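You will see chain A twice below: alongside chain B first, and alongside chain C after that.
For the complex of A and B:
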């Protein structure tokens, strides 16, 4: 049970991070390590792609909350794409979807 | 109606790298019992959350212990019990605090943890937590989504 985290520069200060595999208590720290430094880029943009994420639980949601918080501090726009219906459901049940949407709206207007 | 459950017992070290094994085993049991894809995913998340709590809180102070996972495969339901003899917690207090993230809350006030028990409660049909000796989380998923009603109907029509 492993994850592979692929980081791709999409432009100046713009990164796309794609996670393949299962995010749980074992692999979440690895995701945190790969993701958080990229949220600290002032006025940057970070996109998390979950298209190939086969499984996630609250440990992954915790990393995403941490990323949102850190991104907000550094005026970095953080967004999540490629959610499978299953993962979308977890975001919706926990209320994280609303938080993400709100962050994207406020992040967008702050940069406009 | 008397019912004999088939029981599967698994014991894993309370370490992060073994939680995936509990998940795989429960997923196997659930898929054998014919649960839908969504229900199997619910069961995987629920058992992982219970094991994660045991790994992160149960043996924080007293070194590494074991987590027992008991899967009872019945006709009407899969009952999963995740237990450990490590550190206990105030279950009543924890259950009262269960809630989703408040979208209107200040981002700084949103906790990074605490969603595990909330998810277990949301994804399973019946959840009981006993903290008399260590922690035992007992979670039931009925075979059909309206499982409770189905059982009730069965009792009233056949007896």
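For the complex of A and C:
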């Protein structure tokens, strides 16, 4: 089980991270390592692209939550694109979707 | 070969080597046994080469200088492998120790969470909970205080030991709720959320469903903190509906509020609660859909609750080829 993480600079302080493969307990640490530093860029913008993500389990959700909280702390706008209907459902049930929406409206402050 | 175990390694090795050199036909077979014995006793590769050099010096009348020097050279080359070998042995023993510790921890956890299902005059209740690995990140609690029935089911998002530790914390937080005052679901969840938000790693969160049934009013009220919806079965309509409830998972935000839902329960109605291990189970390469779980429940819902839950677990395990990727908990309440 492998993932490949593509990081692309879209402009000053704007990054897109695309994940290909399955995010689970074995690959989640790699995603965390790739994602978290980018959430610490003050007033930055970070987009997580899940278009090529085939499967993700609860540990992947944990990484996204950690990224969301860190982004809020650093006023970094964090968004997730390319969710499959199944992932979207998981986000909706757990309330992560609400948190993401808030992160968009308030320009990063997920806890506002 | 009975003496082999007692004699010093070098002597045994030297004698066998001498016989091998002299083309003793049994020496080949014996060499395999000696190799096994050395392996068992942890003789490292570089030690073995050193032993070979010593043995050769003792048996050869006129050891050739080039051969001796070359073996000495080989010994130097092997020293790195010897280091790896010793490290490997140490890791193996440390791994064994860790396994033992995890076994003990798993036993402690099992004892802590020994889910008791109370007897209840107004409902037949069954519950089953199986960890994916040794330790579980699922939690459930069913309490009947004589007046009301309170049921909790939770899933710690994360796996293994960290999830299990987090779950023990939840257990203690839940135990601090007075038995005779189970409280409103919305305020219980709001309180727990504060505890979790303050005390767990930012990447961890917990989904929880909390419901209370009052047999006098026949009202089942519940709130959910991001938990996979359960099922409500209405006998009158002979229909399953999702026990839909919305709310942020525990630990996501500091001051989450929870909506409370209420539903009137008629005799013959049923409520089923589950953790997402149940709906995330893979069937071949696909996932089991909620409709399929309903189908399984329908086939066995005439059974007593304790048998019903075991049967559903068995059927789901079969679809999953007898293993779960995630912890699995399933509760049935028949009114």
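Operating definition for what follows: the second predicted complex is superposed on the first by the 107 of 112 C-alpha atoms of A that agree within 3 Å, B and C clash if a C-alpha of one lies under 4 Å from a C-alpha of the other, contacts with A are read in each partner's own complex, and residues count from 1 in each chain.
One rule holds in what follows: a residue touches a chain if its C-beta (ideal position, glycine included) is under 8 Å from a C-beta of that chain, and two chains touch if they have at least 3 such contacts.
Owing to the predicted nature of the structure, the values given are computational and were not obtained by experimental measurement.
A.B. asks: For the overlay on chain A, clash or fit between chain B and chain C?
C.D. replies: Taken together on chain A, chain C would clash with chain B, as the superposition shows.
A.B. asks: If we overlay the two complexes on their shared chain A, which of chain B and chain C does A:96 touch? Say first, second, both or neither.
C.D. replies: Once the two structures are laid over each other on A, A:96 reaches both partners.
A.B. asks: With the two complexes superposed on chain A, say which partner A:65 touches: chain B (first), chain C (second), both, or neither.
C.D. replies: In the superposed model, A:65 contacts both chain B and chain C.
A.B. asks: For A:57, is the partner it touches chain B (first), chain C (second), both, or none of the two (neither)?
C.D. replies: In the superposed model, A:57 contacts both chain B and chain C.
A.B. asks: Does the superposition put A:25 against chain B (first), chain C (second), both, or neither?
C.D. replies: The answer is both, since A:25 touches chain B and chain C.
A.B. asks: A:86 in the overlay: touching chain B, chain C, both, or neither? Say first, second, both or neither.
C.D. replies: Touch status of A:86: both partners.
A.B. asks: List the residues of chain A that touch chain B in one complex and chain C in the other.
C.D. replies: Of chain A, residues 25, 57-59, 61-63, 65-66, 69, 86, 90, 93-96, 98-99 contact chain B in one complex and chain C in the other.
A.B. asks: Show me the residue ranges of chain B that touch chain A in the complex, using the header's touch definition.
C.D. replies: Contact set of chain B toward chain A: 16-17, 19-20, 23, 38, 41, 44-45, 48-49, 51-52, 55-56, 100-103, 107-108, 110-113, 115-116, 118-119, 122-123.
A.B. asks: Inside the complex, what are the residues of chain C that reach chain A?
C.D. replies: 155, 157-160, 201-205, 207, 225-229, 246-249, 252-254, 256, 276, 280, 287, 325-326
A.B. asks: How about chain A: which of its residues touch chain C in the complex?
C.D. replies: Its residues touching chain C are 25, 32, 57-59, 61-63, 65-66, 69-70, 86, 90, 93-96, 98-99, 110-111.
A.B. asks: Quick check on the complex: what are the chain A residues that touch chain B?
C.D. replies: These residues of chain A touch chain B: 1, 22, 24-26, 55, 57-59, 61-63, 65-66, 68-69, 72, 86, 90, 93-96, 98-99, 102-103.
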